[in-house]
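What follows is a pair of complexes built around subunit A, which joins subunit B in one and subunit C in the other.
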Partner chain A sequence: MNELVEVPRDWLDSMGDVVRFGARVVGRVAGLQVLRYTGETLRQAGILIVSSTLVIWGLVFIIGLQCGIEGAYFNQSVGTPAYSGVFAAWCDLRELVPLCFGYMMAAKVGTGIVAELGSMRISDEIDALEVMGISGITFLCATRLLAALVVLPFVYLCSIGAGFLASYLAVVQQIGDVSSGGFFLIFWQFQNPPDVLFSLIKAMAMAVLVVLVGCYYGYNASGGPVGVGTATAKSMVINIVGVHLISMLGTQIFWGNNPRAPIGG
Partner chain B sequence: MEGATDELDSRNRAGSVLGSSTTSDGDSVRPSGRPDAIRFVGVHKSFGRNKILAGLDMGLPEGMVSMILGPSGTGKSVCIKHMVGLLYPDSGDVLVHGHSVPNMPDRELFEMRKKFGLLFQDGALFGSMNLYDNVAFPLRQHTEKGEDEIEHIVMRRLTEVGLANAREKMPNELSGGMRKRAGFARALVLEPDIVLFDEPDSGLDPVRTALLGELIRQIHAEMLAEAQAAGKTRMPTFAVVTHDVMSARRVADYINVLWRGRIVGAGPAEVMLSSEDPFIHQFLTGDADGPLAMD
Partner chain C sequence: MMILTGRTIVSAIRPPYPYGPEFVGQFMFALRLCWLPLAISTVAFGYEAPGLQAINFLVLFGAPDRLGGFFVLASIREFAPFVDAIVLAGVAGTAITADLGARKIREELDALEVLGVDPIKNLVVPRFVALMLVTGLFDVYALLLGVLGGVIATLVNNEPLGPFWATFFNNASTTDLWGSVVKTTMFGAIIAIVCCYKGMTASGGAEGVGRAVNQAVVIAFLAIFAFNYVFTQVLLATHPQLTTIAR
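Up next is the complex of A and B:
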């Protein structure tokens, strides 16, 4: 029984530390100390673009195809094939694109940060930085957060596009129960610019979470290579849970009281 | 066990006879007449129940090459981390040029650290940069120098440590000894007042060890001459941490012997090396017989 309580208590404790650490990193970005290391920020931004965009877009594209196929057949079955566009508009924009983005961030970017910072920690590289009079939190963590904030909105908006394109291809080109014009009529009726903004907010909240959790577990890694491995695994769990929580909260807040769509009632 | 502690205490007293005396203005001065660049005052440090430093009193005189000599696992690296504020003492104080490190606000601490060059035990080169960028890194971060000037300085340091040909190599392509020498070059590029070496000799072959010791002496002499010529107020201080008595013999001006979290003897190298004290004698000759045992 005790052990059953022990584990969640540990998690809660470490969540407190993550929040405190995250606040420091955000402080270094908001306080503009991070601008001293613009070069490093740009380098991190470059790494994000080169190493993560294609994977994210690819994953979102696949999900867009699936959403399109399921939506098309479901609407066919209830005799409203013209309404397939609703699936693309909602399922893609509101739920699955942000979730997939969050997953890929956690799997690729988050674990990457833990592994990188963790190995720097255990090989004394972070200490070496600090001894050179450079704050590790600013140089390593704040630059990564800023890079994410600069680059990821564009990456994300493009991935929404990739999801839409995939749904369009599946509904109109593959299954073909609805014309292109009919698809887009409904598609555009069931979303408006604030929805894109809300979706973006969801995704960026996930991105910030993933980067901060990654930085925390990497920066505070200990116990040699095994410790870095354990930290990576832990960060993945926290990130996936966090991504889901953000997804749920976002849906509740943005669309829970108001579907923001032409639905009578 | 009790007896051993008593004996340690008496060693410690014997050590402090060789150690510092305090002048009227409170600045401690070595028999050599030089003030201490770094001074530990009654430093205690434990990790959990593991007591590492137990009332460490130690001074590293300015302008000299000092050795901190002690067996593996006595807390030599811990000691170094206290000097640069990476670890804080549980009690006691660490003074660098008279300023208390544990009591420094962060901003001041970061400024103070720029006086230091630190060679970590296994180099701590940045794995994401090649050798050249590693050595250039402090210059790029802390100076406004142009790339030409940086290249000049970096190549001079890399040549000194015999790595000029490896400038494009990544740290994981280097041997342990090369990483150490590269770390040495990086520690020197900002011409720090105090250079700390954490076991520069461990994991090197005897010839390399001898060469590295010679290099340390030679660079210290160079920096000392430069500092004197430039009329600097601070003379370069080197502190070398090692468990190797041979390199202590070759390199040191001043020797501190650390054992079980305390200094059991300290003094100018020639005095220490000819010490009759059985404890110090055993340590410095590496004898198996004597008061020192495995535990």
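Up next is the complex of A and C:
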């Protein structure tokens, strides 16, 4: 029984540290100290674009297909195949695209940051930076956070597009119960710009969480090559739970009391 | 990776079977690491996506009682397996890669081979079997907790629970249940193979292990999602009776 309780206790221990560390990083970004390293920020942004966008879009595309077939079959079963667009619009925009974005951020970007910063810490490169008078937190963590904030909104908006395209392919081309025009009529009726904004806020909250957690575990890695691996694995646990909780809170806040649909009262 | 899969299956079946204790150890390890993240994730997911959004939609039609039927479709067939797999891949899979990667870097795997101990039989096979079993069994918990999320969503909307259970059990079929469990067992196999492969081929010191974990989890996620799509499509196409909602 003690072993079972060990894991949550471990979380609580590290949770406070993560929050304190995250607040420092956010402070460096908000205090504009990070602008001293604009070059590094742009380089990190470039790395994000080149290495992560395609994987994120790929995953979102697959989940869009999934939403499409589930929605088409569900609406078939209640006798309203023409309304598959509702399911696709809500499932994609409100729930699964942000969630999958969070998963893939955690998997690709989060663990990538831990691996990179962790190996810098192990090979004493971070200490070397500090000796040279460059703050490690500003130069390594705050630049990554700023890069993520600059690049990811655009990546995310494109990934919504990928999800929509996939749902369209699955519902209209693959299952084929509804015509293209009928699908799009319903599809666009059941969403509006505020929905996109809420969805974006959800996804950005996840992205910030993932980057901060990744920076924390990488920056504080210890114990040789093994330590880097363990830190990477640990960061995934926090990220997955955090992504689910953010998603749930976001749904509750944005859509909990108001379905924002063009029918009914 | 395919070669590793083949060799793992062959050496799992062919006697002798020295991997019993290691199997139990890995099983307990995955259980200890994953139970809480899995519980939190599935309840949160069941509450928000199929729960809140779907009940919002159904209330517009004046049919919130159909949420039970929707939960069979959403939770059992789709989302419980997939949250289950994501948590297992993210938590247990990364731990396995980190563990094996560290052993590879410290040349423990080479030492084992010199001693005449087959690393596949003694390290990969127990993890493979344990992860398959754990993922399959956790699926049942994921289903229960996901439905719990739906129950909370129903109560939050001040709807009675009776119609929820009625449509739920009207629609629940054994095919859905075994489909879900078989699917997650296959997910477990995918996760184990990808993570073991990436761990055993890690190279390049400290950064190598971290990078191996990174690649392992990305490949595992993509493979899970792709497999999930194909499996759902095949299941729905071969069992058309699943797609009709009973009243």
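Throughout what follows, the second predicted complex is superposed on the first by the 256 of 265 C-alpha atoms of A that agree within 3 Å, B and C clash if a C-alpha of one lies under 4 Å from a C-alpha of the other, contacts with A are read in each partner's own complex, and residues count from 1 in each chain.
One rule holds in what follows: contacts are C-beta pairs under 8 Å (C-beta built on N, C-alpha and C of every residue); 3 or more make two chains touch, one makes a residue touch a chain.
Since this is a predicted model, take the numbers as computed values, not measurements.
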### Task
Determine, under the contact definition given at the top, whether A:E70 touches first (subunit B), second (subunit C), both, or neither.
second
In the overlaid three-chain picture, which partner chain does A:V86 touch, first (subunit B) or second (subunit C), both, or neither?
second
For A:A128 in the superposed arrangement: first (subunit B), second (subunit C), both or neither? first
The chain contacting more residues of subunit A, comparing subunit B with subunit C, is C
### Message
Per the contact definition in the header, classify A:S119: touching subunit B only (first), subunit C only (second), both, or neither.
### Response
both
Task: Touched partner set for A:T232, first subunit B, second subunit C, both or neither - done: second
Footprint intersection on subunit A (subunit B / subunit C) at 116, 119, 123
Touching subunit A in the complex, subunit B uses residues 81, 84, 86, 110-111, 113-114, 116, 118, 120-122, 124-128, 137-138, 141-142
Listed in rising order, subunit A residues that touch subunit B in their complex are 116, 119-120, 123-125, 127-128, 130-135
Contacts from subunit C onto subunit A in the complex sit at residues 32-33, 35-37, 40-41, 44-45, 47-49, 52-53, 56-57, 59-60, 66, 69-70, 73-74, 77-78, 83, 86-87, 90-91, 94-95, 97-99, 101-102, 105-106, 205-214, 217-218, 221-222, 225-226, 228-229, 232-233, 236, 243-245
Subunit A contacts subunit C in the complex at 3-4, 6-8, 55, 58-59, 62-63, 65-66, 69-70, 73-74, 76-78, 86, 90-91, 94-96, 99, 103-104, 106-108, 111-112, 114-116, 118-119, 122-123, 224-233, 236-237, 239-241, 244-245, 247-248, 250-252, 255-256, 259, 261, 263-264
